[in-house]
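What follows is chain A paired twice: with chain B in the first complex and chain C in the second.
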Partner chain A sequence: MSGKVGIVIVSHSPDVAKGAADMVRQMVGNDVPLGFCGGNPDGGLGTSVEKILAAIDQAWSEAGVAILVDLGGAETNSEMAIEMLPDERQGKVVICNAPVVEGAVMAATESWGGSSLAEVKKTAEELSPQ
Partner chain B sequence: MRTSAVAPPLDRFIDTLAQRIVAASEELTALDSAIGDADHGLNMKRGFEAILAERASLVAKPLPDALKAMGTILVMKVGGASGPLYGTLFMTLGKELPADPSVADAARAMAAAMTALKARGKADLGNKTMLDVLGPLADHLGSGGASFASIRKLAAESAAATVPMKAIRGRASFLGERSIGHMDPGARSSQIMIDAVCDVLEGKA
Partner chain C sequence: MSEAQYRVLITHDVGLHARPSVKLTKLAKGFHSRIEIAGSEAGPWIDAKSIVKVMAMKAKQNTELHVRASGDDAEAAVDAIVDLVKRDFDEAGDHGAA
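Take a look at the complex of A and B:
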């Protein structure tokens, strides 16, 4: 796909993940690779390493992938998913310390402009209190 | 403590661990509803039911490979932060333990698991987590004077000691001072697993 940084949204709730992805699509159209997932392996509230790996795959870009997460388990499971990626992909995926909805929209907008993975992460993280 | 001559078969470990965790599911979820998101019992039950579903292939493996495979199942199936955390525990023990471990091997493997878990959870002792049960166990095993009775007693005391702690990590940390007064669900599930392993090694389960 494009050389733009991919965005992955990981929420405990499938509805939140899809809603945030809808907002990203409205902002940046289809130019930014996007993956999203929510829910535990049974479909209840939670997160799943398997689903996160699939979402990273869906949003894959050689420019890298920025992951936005909501609560604790989403971050821990995303870190685990990154470690399970093939070596050549591991260094190209980062988790942003940012609110999931606003962070996803800001990160996608930055990616749409052609920014690097580091710039995308920095822009998303400007939303977090330091 | 046991010698290699009486090492119990792997199926007894798997069955006993799974039975105890499934039986404690409601208790763990109740603890988690007080200070977390009320899913610890359900998540751990899902993870260990997934382990039971793979029982036949797990029991055919040498201990280190079986532990690594159990860790991977927990990572993939639990669905909460406890998946990567307990997954890291089992995978690290699988990497560090020989097929027929001594107490000294167990002490060294638990110490390695503590390092891995601190990194995975970005947590440390005193943060009101499973580390507050597993850390003292690692030290106790390393002391050379551990008995089944002393291990069970230490695990129970360590889990109880999380009650007055204030949570620093995880969802419970959002509650701040209000997390004080409740036992940490991860500390309790760790205690349950330690009891289960002692019971199997001692021939009581």
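Take a look at the complex of A and C:
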């Protein structure tokens, strides 16, 4: 079991989600649990609660999971996904208010060093427009 | 508790950009000591374990990077970071590539 905080990338576009995940893998490596998803169930642009739940599952860590989202629905659907998690997982998943690509790389770097979920979120959010 | 300080010239093509910054931060996080870097001796000195601050530094090629550490593994920490910079962040193969 990994003690490092998991990172989930949620974008409207499957290509953006995969591209951001590729950057995390190449820059930070494979030690950080990572999940990503993008697109609606029909294959178009959008997000889906089910895919987000699967991505959280993929990146699951007892240390928690930090979600990076792009626009509107990505955030509301992520909130919905968190509400649908089993009780014991709910308090361990947070959405970061940060740009999706840059935030994912920053969050993953912080996670790699063994930081807590709160520290990972804070690091990603340090990037937000000042 | 010991302290160490050193300076090194950044020779990597693009300087301390995204990938090099991540590598430097990851390396710094492996040490107990407090590690700081700066573009000049006068500072500002920034926490080498903060990926956001390291990346925001935007240290360029042919500028000096000052590294200092304090803690039980300070010398090893400074040595390791200086060595990483000297190795062009292990990206020498990328020089001049596409």
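By definition in this document, the second predicted complex is superposed on the first by the 129 of 130 C-alpha atoms of A that agree within 3 Å, B and C clash if a C-alpha of one lies under 4 Å from a C-alpha of the other, contacts with A are read in each partner's own complex, and residues count from 1 in each chain.
Basically, a residue touches a chain if its C-beta (ideal position, glycine included) is under 8 Å from a C-beta of that chain, and two chains touch if they have at least 3 such contacts.
Just so you know, these numbers come straight off a predicted model, no measurement behind them.
Undergrad: With the two complexes overlaid on their shared chain, look at chain A and say whether chain B and chain C clash or fit.
TA: These partners fit in the superposed model.
Undergrad: Looking at the overlay, does A:Ser111 come into contact with chain B only (first), chain C only (second), both, or neither?
TA: So A:Ser111 meets neither chain B nor chain C here.
Undergrad: Applying the touch criterion given at the start, work out whether A:Pro41 contacts chain B, chain C, both or neither, answering first, second, both or neither.
TA: first
Undergrad: Which of the two partners, first being chain B and second being chain C, lies in contact with A:Glu126: first, second, both, or neither?
TA: In the superposition, A:Glu126 touches chain C alone.
Undergrad: Any idea whether chain B or chain C touches more of chain A?
TA: In the superposed model, B touches more residues of chain A.
Undergrad: Taking the superposition as given, does A:Met27 touch the first partner, chain B, the second, chain C, both, or neither?
TA: Second partner only, chain C.
Undergrad: Of the partners chain B and chain C, which touch A:Gly73 in the superposed model: first, second, both, neither?
TA: first
Undergrad: With the two complexes overlaid on chain A, check the angle at chain A between chain B and chain C, Cα centres, nearest 10°.
TA: One gets 150 degrees for this angle.
Undergrad: Of the partners chain B and chain C, which touch A:Glu50 in the superposed model: first, second, both, neither?
TA: first
Undergrad: Determine the nearest approach in Å between the Cα atoms of chain B and those of chain C after overlaying the two structures.
TA: Minimum C-alpha separation, chain B to chain C: 26 Å.
Undergrad: Can you list the residues of chain A that meet both chain B and chain C?
TA: Chain A residues touching both partners: none found.
Undergrad: Note which residues of chain B are touching chain A in the complex, please.
TA: Residues 37, 39, 42-43, 46, 75-85, 87, 120-121, 169-171.
Undergrad: For the complex, give me every residue of chain A touching chain B.
TA: Chain A residues touching chain B: 12, 39-42, 44-50, 71-73, 76-77, 79-80, 84.
Undergrad: Touching chain C in the complex: which residues of chain A?
TA: Answer in residue numbers: 26-28, 105-106, 109-110, 112-114, 123, 126-127.
Undergrad: Which of the residues in chain C come into contact with chain A in the complex?
TA: 18-19, 22, 25-26, 29, 49-52, 55
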